[in-house]
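Next come two complexes, and both contain subunit A; in the first it sits with subunit B, in the second with subunit C.
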Partner chain A sequence: MDFFIPLFISGITFGCIYILIALAFNIVFSSSNVINFAMGEMVMVGAIISSILYAEERLPFIFTMLFTMIIVALLGIIEYFVAVRPLRRKNATLISIVIATLGYSIVLKMLVALGIGKEERSAISPLGDNPITIGGYNILPQSILVVGLTIIILLLTWFVFNKTMLGLSIRATAFHMDGAKLMGINVEWIIALCFGVGGGIAALAGLLLAPFSYASPWIGLTYGIFGFAATIIGGLGNWVGSIVGGLALGFLEAFATGYIGSEWGEGIALIVMLLILFIRPSGLFGSQEVQEAGEN
Partner chain B sequence: MKSKMNLVFVALLVLMIIMSGCGGTSQESGKASDSSSQNVAGKETGGDEDEFVIGLSGALTGGSSALGQPQLHAVQLAIEEINNSGGINGAKIRLISEDDQANPTKGVTIAQKFVTKDNVDAFIGPTNSSVALAMAPVFEKAQVPAIMAIPTNDDVTKGKKWIFQIDATSKTQAEFFASYVAKKKMKVGIIHDTTSWGEANKKFAIEELKKLGIEPVAVESLTVGKNDYTPQLLNLKKAGAEILVAGLLGPEAAVVSKNAKQINYTVPIVGPNALAQSSLIELGKKDVEGMVFTSIVDPEKPEFKKFQESFNKKFGYIPETDWAPLGYDAVYILKKAFEVAGHDKEKIREALENLNNYVGVSGKAGSTISFKPDDHTGLKADAVGFLTVKNGRFVKYSEK
Partner chain C sequence: MQRISRSRGLLLVLCILLFLGIPVFAGFNDYYVHVACIFGINAILLLGLNIAYGIGGQMNLAQAGFYSLGAYATAILQVNYGWSWWLTLIPAIAIPVLVAVIIGIPSVKLRHHNLAMSTIALGMGIHVFLVQAGGISGGPSGIIGIERPSIFGFVLDTETRYFYLIAVFTIVCYVFCRNLLQSRVGRAILAVRDDEVAARAVGISPFYMKLLSFAISAGFAGIAGSLYASLNLFVSPETFTIDLSLILLAALMIGGVGSNVGALLGALFITLVPEFLQKYGDLELLFYGITIILVIIYFPKGIAGGLDYLSRIISSAYRSSNEKLARD
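On to the complex of A and B.
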């Protein structure tokens, strides 16, 4: 157990981070069918802005969190209008649009590196660095914060998407764009909003993971890839899938590193992703429609 | 339709280029990206005036920029000093710097540009061994002398006529900390990153420990840039490692120390000079106090102290670790060669090969840099010492 519990804590903490990133991927995908490859860089921007505001400027945590999420949400909305919408209007293929999001991610990365700085910044946890001891095991307060905020975000998005008019509009847009337009829904803004919400949630993931190590302009790619892998494992466009995919990836990584060997950790996590894709191309919870929509 | 789409892509690309250009000049490190424009201006007016051109490449952005930036600054400082004191027999040195982002492919492109378009007299850089290994054949083929000051991989100069190294190689460093570990009589664990540099460190650490009759109880690897290395540390703890040899760069070593503390695993950590980056202290804070690493700077050496002073005056920060002094020495070693050989590259190479007992700012007090026709590595075991972290600063390590 001395071995199992710490691995479990590591797995669930980073599983939650992957859940948030997968959720961000899914929110954007479900409204627009676009896989937003700038997501990893949004995580990075979130980590950097929050460490500047909270660790360096000592602003209140709640303010830091909201401000960071809003700024990155705006970056997401800008992404839609700069990189995605112009291509959609030209009836560009989905592949071109996805490549454009990749371009936007490089712009983000270089802007941060050159404008804000290339060095690694330390981030601090609002709950402090001293581990809490529960039953003889050390748990970082930040891990608890990660799990707590992930649950809150999941509940919040579930509520908005299933119980509000806005959520209904988003789902209508995802279901049938032209139909939604005819119903008087401003489809453009709904999609832009989803890019924003995706950015905001990705920023939260960045804010939460930075205190475990550091924030630098180069951390985005890894989290983009792992967040995307979690999305794929769970199934594109499926929210339950985000949860299962994120946790599966977090645990796989931690346990494979611990029990099989460190050189296998990431490899095994990604091999499992491939296996799932071979057996169920639409992911564990993905529906066939999503797959077809993706092919259009 | 399609052509319009292409237009958007081109526009996007142009935008990216402009943005990266603008960002560079507004920054304190802007000189790096400026140099290319200076270069163009220099080309137009040059020609009638004799000048020596040095090409420099290094990781000026990216994770290894903590090595590349100080080296660039030190090279700029040395060139300024030389030019202000009469240059090389009256001729000035001009620097062209490029950012290889620690990317071997970019490195090769830059090397080719230096030897064909810029026609440099000599080359300094890069910062990373993987890039050095990729660039070396270009300079060999073009017959341009290259001083690869920072890379430590032992293969960089092996069998090469035109390539020179200054930093103590990975093997030399491993020898040094292996003997330190052996004296401790503790069970040894190894943790390293999966870059080619990290793998080489692991290999040499295992080899050198073996020579001293020590078998590591566990060897763990990690991917650069992840936020949690608890699983690896749990394995090392389970295997009973009492001291860790770390083939890591600064930021990862900081995270490892932090994670170790979280699982109540407090063991000494030793490793090569690449651990000694300012980021180690900034990120690791209290957790990295007492970490020990090899280093080719000697905080008490007068030449090094003087260098730190003039560096601080120009750039506003004090270089405490190995990277800046290595770049600085590379320029002065080239100066010596230029003075006797002029622009004749073969003669520059010969002059470098005959460099004997050069006292640089790098290296432990009393050590010197020499090259021989069959040995192009500069600093040897006698130049290596230990640094440690004390009260948030890099200081000389002394055994209590």
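On to the complex of A and C.
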């Protein structure tokens, strides 16, 4: 039982990070039916830029956060115009769009590796490393920051998507693209915006996870896969599902690491994702229609 | 039509002779012959990937994983258990095929991004296993002390001798793929790719055809892996990352998806590009990333598609000039 609470806390913390990545996947998917395979690399870019600005250059945290998110959001928008839009205009198959995003992910990874450097950078938490003791258990302040920011982001996206005109346009685009065009919605910009917002949220996830491990150009794929796994567990396009999926994956990884061995956490997450894909590709909470919409 | 296929057959024989002559043209220079060996291995890998992705329409980003299973099967059985290379070839093919079938049974039902993600996860899973299962695979440092195979006591110890073994396998694999495309099974696989419902209507099982194309693809990767282990004399997990799967995909797309000649052209491409970009370090991977995007947007049929287009223009011009002569 001694391990249980710390593992639980670590599960929630990483669960929140996976929720953010899953949210990023879902925002892009729900507007364009595209799974952005470069999402993992956007997490990586977020982690690296933030660790340079905050840990090395000692710039203010709020500035670091906003700057990182804007830069990566721009990378997402560039991705849409460079890699995805030309294919959509040619009515290319979904698999060619997937391949194009994979190509973009390599480009991002190698640009960072060649331009910024391949070394492992350590990041620091804005709230310091002194654990807070609650009820006899030590909690890292960074965990609280992660959970807090995740909740804020979730509420903010919920508000934007459900209560604003912009959100209505995005939902209209996702629901019926031609209909949305007829209503005077600039569909291209809405989708580009969603790629940008997805990138920004992925960058935030990278910024938040960096202090727990390190930032290097090679960390992207793992987090991308974990975020996708959380999305799949919850069901593509199902936002509530991805919250459950992210937490489930976080707990699973934490407890697998704690009770079986740290080296198997990654393998177990991969196996769970494969099982979900094989048994119930629409996810635990997803509806069949969403799945099929994604396949057309 | 007769003339075209005869001239193509002639071209094929010419290409095979050119390929077999590489060591002679290279003056038996070990370095160039080594590059030719790598070309042969890449060609087998890409011919295999083409069966799954090009002909079967099944995204396969686990090709590097299957390749590593073949390489490790040969390495482990040869170094730890003293098997001869020829004997290790059997498990080197069987293990990837078995994994492909086990994972393939549930995953052929998936499509698009789900299939792509599940094969990425499979490739990553194999990589994690090779790094972590140090007792079997030697962990991150890999396995050393692999030997070159021998035939009836004749050891293929020089690059040139070993090249001819690889060349024989490459040619056999190419002929297999060429015949597969013209066989009943090959046409069935193509039919499933083009229209699953129509294929089912004429009595083809999409499930078996997809599984078969996935399994053949893995088997080819196993052969390539086994050849690679004995060429390099050393295997380590870092050769077989997801990046390699992506490079193979890029190569196939550059060469031409769905075409066996395209697979060979792609193999030529990824064999030569590193030789030229070597002095620039890691630019290679960036180059592939950019090419993937450009090729999929602007040249979805690759070099082979371009050649096909050219040959069609030439042959139609030829035919129309013939008709003109006949009319006069």
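Operating definition for what follows: the second predicted complex is superposed on the first by the 286 of 296 C-alpha atoms of A that agree within 3 Å, B and C clash if a C-alpha of one lies under 4 Å from a C-alpha of the other, contacts with A are read in each partner's own complex, and residues count from 1 in each chain.
The rule is simple: contacts are C-beta pairs under 8 Å (C-beta built on N, C-alpha and C of every residue); 3 or more make two chains touch, one makes a residue touch a chain.
Note that the structure is predicted; figures quoted are calculated from it, not measured.
Asker: After the subunit A overlay, clash or fit between subunit B and subunit C?
Answerer: clash
Asker: State whether A:10 touches subunit B only (first), subunit C only (second), both chains, or neither.
Answerer: first
Asker: Touch test for A:270: subunit B only (first), subunit C only (second), both, or neither?
Answerer: The answer is second: A:270 touches subunit C but not subunit B.
Asker: Under the stated touch criterion, which partner chain does A:95 make contact with: subunit B (first), subunit C (second), both, or neither?
Answerer: After superposition on chain A, A:95 lies in contact with subunit C alone.
Asker: Which partner does A:281 contact after superposing on A: first (subunit B), second (subunit C), both, neither?
Answerer: After superposition on chain A, A:281 lies in contact with subunit C alone.
Asker: One more residue to check, A:262. First (subunit B), second (subunit C), both or neither?
Answerer: first
Asker: Check whether A:87 is in contact with subunit B, with subunit C, with both or with neither, and answer first, second, both or neither.
Answerer: Both partners, subunit B and subunit C.
Asker: Would you sort A:219 into first (subunit B), second (subunit C), both or neither based on which partner it touches?
Answerer: first
Asker: Touching A:228 in the superposition: subunit B (first), subunit C (second), both, neither?
Answerer: After superposition on chain A, A:228 lies in contact with subunit C alone.
Asker: Is A:209 touching anything from subunit B or subunit C once the two structures are fitted on A? First, second, both or neither.
Answerer: A:209 sits against subunit B, while subunit C stays out of touch.
Asker: Of the candidate stretches 205-213, 295-303 or 313-321, which in subunit C collides with subunit B after aligning the structures?
Answerer: Stretch flagged for C-alpha clashes with subunit B: 295-303.
Asker: Common interface residues of subunit A with subunit B and subunit C?
Answerer: 83, 86-87, 90, 92, 96, 100, 103, 106-107, 110-111, 113-114, 221, 263, 266
Asker: Quick check on the complex: what are the subunit B residues that touch subunit A?
Answerer: 1, 4-5, 8-9, 12-13, 15-16, 19-20, 22-24, 26-27, 61-63, 65-66, 194, 220-223, 225-228, 230-232, 234-235, 238, 251, 254-255, 258, 262-264, 278-279, 282-283, 285
Asker: Show which residues of subunit C lie in contact with subunit A when the two form their complex.
Answerer: For subunit C paired with subunit A, touching residues are 59, 103, 106-107, 109-114, 116-118, 120-122, 124-125, 128-129, 132, 242-243, 246, 249-250, 253, 281-283, 285-286, 288-293, 296-297, 300.
Asker: Mind listing the subunit A positions that touch subunit C in their complex?
Answerer: Residues in contact with subunit C: 35, 37, 82-83, 86-87, 90, 92, 94-96, 98-100, 102-107, 109-111, 113-114, 221, 225, 228, 232, 263-264, 266-267, 270-271, 273-274, 277-279, 281, 294-295.
Asker: Residues of subunit A touching subunit B in their complex?
Answerer: 3, 6-7, 9-10, 13-14, 83, 86-87, 90-92, 96, 100, 103, 106-107, 110-111, 113-115, 118-122, 131, 138, 140, 209-210, 212-214, 216, 218-219, 221-222, 254-255, 257-258, 262-263, 265-266
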